[in-house]
Amino acid sequence: MKYTQGQYIIADKTAIAREIYSFTISCPEVAAVACPGQFVHIRAKGYTLRRPISICGIDKEKGTLRIVFEIRGEGTAEIAKLNKGDLIDMLAPLGHGFTVDPSYNKVILIGGGIGTPPMLPLTKAYGDKAVAISGFRNASAVILQDDFRKTGAETILCTDDGSAGIHGFVTQPLKELAEKGGIDAVYACGPMPMLKGVAAICKENGIFCQISLEERMACGIGACLGCACRTVRNDEEYFAHVCKDGPVFNAEEVLW
Amino acid sequence: MKYTQGQYIIADKTAIAREIYSFTISCPEVAAVACPGQFVHIRAKGYTLRRPISICGIDKEKGTLRIVFEIRGEGTAEIAKLNKGDLIDMLAPLGHGFTVDPSYNKVILIGGGIGTPPMLPLTKAYGDKAVAISGFRNASAVILQDDFRKTGAETILCTDDGSAGIHGFVTQPLKELAEKGGIDAVYACGPMPMLKGVAAICKENGIFCQISLEERMACGIGACLGCACRTVRNDEEYFAHVCKDGPVFNAEEVLW
Amino acid sequence: MADLSVKVCGVDFKNPIIPASGVFGYGREYEELFPLDKLGGIATKGTTLHLRTGNIAPRIAETPSGMLNSVGLQNPGIDHFIETELPYLLTKDLVVLANIAGSTPDECAEVAAKLEDTDVHMIELNISCPNVKQGGAAFGTSCEMAAEVTKRVRAVTKKPLVVKLSPNVTSIADIAKSVEAAGADAVSLINTLLGMRIDINTGRPILHNNVGGMSGPAVFPIAVRMVWQVANAVKIPVIGMGGVSSGRDAIELMMAGASAVQVGAAIFTDPYAPVKIVEEMNDWLDSKGIASVNDIIGTVKPW
Amino acid sequence: MADLSVKVCGVDFKNPIIPASGVFGYGREYEELFPLDKLGGIATKGTTLHLRTGNIAPRIAETPSGMLNSVGLQNPGIDHFIETELPYLLTKDLVVLANIAGSTPDECAEVAAKLEDTDVHMIELNISCPNVKQGGAAFGTSCEMAAEVTKRVRAVTKKPLVVKLSPNVTSIADIAKSVEAAGADAVSLINTLLGMRIDINTGRPILHNNVGGMSGPAVFPIAVRMVWQVANAVKIPVIGMGGVSSGRDAIELMMAGASAVQVGAAIFTDPYAPVKIVEEMNDWLDSKGIASVNDIIGTVKPW
């Protein structure tokens, strides 16, 4: 794993929804090596543990990364206080990202809630071969839909309460598309129940599926064994670590 | 003791020497009741204990207080990060200040190093009846001399290395003045050895002397008994508390 | 408005929040900021048979997210407390826990006996002060001594007897069981953890007593663990404390098993802390639709 | 440039800073950031006789100025360590402390015996892991058990034997004296303090193991106190740790009596922490005109 730790300038900050922020960070050496599905580990002033946040955009030319995160507790609230021009302390890029296979002709990318950001760079990688399904609680929680559309992908929006897009869960359109056939791969990030549902549909339909998991982390690089995740590899139980072996896993490897 | 706790606006901030800052704080209800020698107890973000800082100026008309403090450790460094327009969290005014007696005709006020700020409002109270002696390590550490001059008091400046004013300690001019006679009171704030020296000279010459002491504090209001100071009152040993019974004590009461 | 009232060994508290012994004096200093009857109770400064002048200063040091103190039970003595401080506190609408201590079991009993004829609501027997040479922590670190001193005090008082435990032990649950068996009506925990800081520029300990008791947010996870262990080990109520600085912390400690919560060092950071904590607890309970704070006590579901 | 080299039970360290066991794996992950030979030593992840998968996640929780972990000694087993990790580490210019643990004294001895034929520099026997049901903390909380397991390991190894002590005890000095008498060449302390956090929204402990070990800056004052107490109680060297996050902290712990210093949780906050601590110690010593770091060990002057 090639990563660095450093203080990088925040080139841009926008509030994109209630308590959800988008940072564009100037970090050429990180952007140069970052892949979709990887994450950055951000220091929050006054807190012992860093906060893992997925990479939501990689601009190798400009040397920038984009992250989108929600204030969930004290650490993310502290990070959200940083402004354009401030330095952000990151350990990055970390983890094992999504498998991008140029031979695939049609892939489905599914993001649920604050799990949508990591799907954006992957959608960009697949462009018009991708169908990007996003699910949110309600219309006011919807984020990144313009960005997804700009990738050239087909986009499908769902909300739990029907206040925007389709009324229902992301698994509904997925099921329909999966049953129609012709899907090479499904990638997903979001809450556990959603991921389980997605994995089950893919299994049923024999579609390759990768999911991005979350776990509480300390080191972020595989040294502390803090972020264990039970998986199966070569028919043997394998205690994987989300920060190093993941966050992206093949769905069939995960012991739920 | 009448005090309040609140968040007050910093109306002005200036760096007056290396790592020494002057804040003017808009806090009418505090300014209305504050007296020379009292202090404010400032919250430093991220730290459990507040920092006690003397009041260096009281403008009852404008409703402002002035404080002058040096960065000595992490808490004062944090407080120094506050800027004009920011809110400062203070418990104030606290403690027992200097006795100002209008019948006195000539008083000497002695400040050593970062002990000079509390002498300024007292000097102002006495105006041209006062001689303000200030002592510093060297020329670059000198602060507040213009302010002292503006009070109408006679000012005497000493530095340990002679790089500004008289070469020597504040006790030298004090001794001369004390021996000349006609001094009604001496007030002092500064490092312990200086205070001891001042107290000894006053005792020798039978001059009333008040000194301002420092001690590590928690509550700042006399509740926790953290800031004990051994004193004698009515010939009996009395465990006084710097935050409530002081910081100003009659020198003869203090058990050094 | 959730119902915040709790009952601890038969005593009614209008809310579960109590300034901890030693941080709040006898309440007078904080009255300048808010009326005392906003509080559920007050644990008064540890009081001994005779006046104690305490340890030499410095008595306070800061630590990451916490502090050390080595006040050393400075107090004016039980007679002064009964004559001067208690009558005033009893005019307020809150529960008064008289925190007492002594160098011998006899002294503790003598102090408790003096309170028997007063209207004080509860006695909190401190067997865990790390800042005094004799008695103090020594009582709190052995099951036998803890039981012995509890028995002696129990024998002289019919008041609800809360025994305050030390965290500086291998098994706080064992100590709790001993004092329960010896007649305690409740236990309170934790007292401070023994710590030390050194000024590297002088090569001297910051505290003149060399070591002192650590408290503040830093110790909160230890308090949660100990309250949980003790609540699972005894049948008598547990009063929790140690690093509580928000309504969320108080709720966490109650979920771990505390029937009421004391607040110490947080008051130094924010003197309104106990009042804010009451409000925050209420808001949280309301937001969850929980009618009474009693519904959360000891409800943590271990894995 | 001050002389930072120290000698601990005959082993030379180029500087006194050692990443603590469990936070640094076997060093590989951090090599991406700096060469390992900037460090005085490395304490490797606690290793047992057989592979252990550790506890179920979540294993990490945050606390004020600290953290909890309940990794539960996940490790690939001693054979894997000897075959795969140790040879690589031994190519580096630093002292390797093999941290070992076991559920029984026999298992600990068996693990130590396997290391006897390797070139590992020191053995750090962990008798204090709070995160495993058997062995672990149980050994470290009784003088008899601590002595017993030390004796058994001592019998099978001539390597410098460091015994790592638990802070979750009434008297750590007594445990230290027991392991000294049982043949330990040095002691290291402190391991983590047992703590707990509860997610009030789910009513569940955050850690799946319910409780976990607390470390980080929050525990530093406890580490200073315990190092001081132990250094005054035993004649063998003390390796100090617990909450160290700066050169000043390391110096404070050495003044309290530590001959070398381990750095744990601080590495999570800043992965360069151990390297920066070495630099900061050097700068401080230079600024004071102290020629060698040995001149500060145990120099605190109590009041």
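So that you can tell them apart, the chains are marked A, B, C and D in the order they are listed, and the count of residues begins at 1 in each.
The definition used in the following text is that a residue touches a chain if its C-beta (ideal position, glycine included) is under 8 Å from a C-beta of that chain, and two chains touch if they have at least 3 such contacts.
All values reported here derive from a predicted model rather than from experimental measurement.
Common neighbours of chain A and chain B under the contact rule above are absent. Relative to the C-alpha centre of chain C, the farthest chain centre belongs to A.
Averaging C-alpha coordinates per chain places the centre of chain A 36 Å away from that of chain D. Distance from the chain A centre to the chain C centre is 47 Å, each centre being the mean of its Cα atoms. Counting only residues that touch two or more partner chains, chain C has 56, 61, 63, 65-66, 216-217. Shared interface positions of chain A, defined as residues touching 2 or more other chains, are absent. Interface of chain B with chain C (complex): residues 1-5, 43, 47-50, 75, 91, 215-230, 237, 239, 244.
Every residue of chain C that touches chain B in the complex is listed here, in rising order: 22-25, 29-30, 32-33, 45, 53-63, 65-67, 69, 71, 74, 206, 216-217, 265, 267-272.
Per the touch definition, chain D reaches chain C in the complex via residues 56, 61, 63-66, 68, 141-142, 168-171, 193-198, 200, 203-205, 208-211, 214, 216-222, 224-225, 228, 243, 248, 251-252, 255-256, 284, 299-303.
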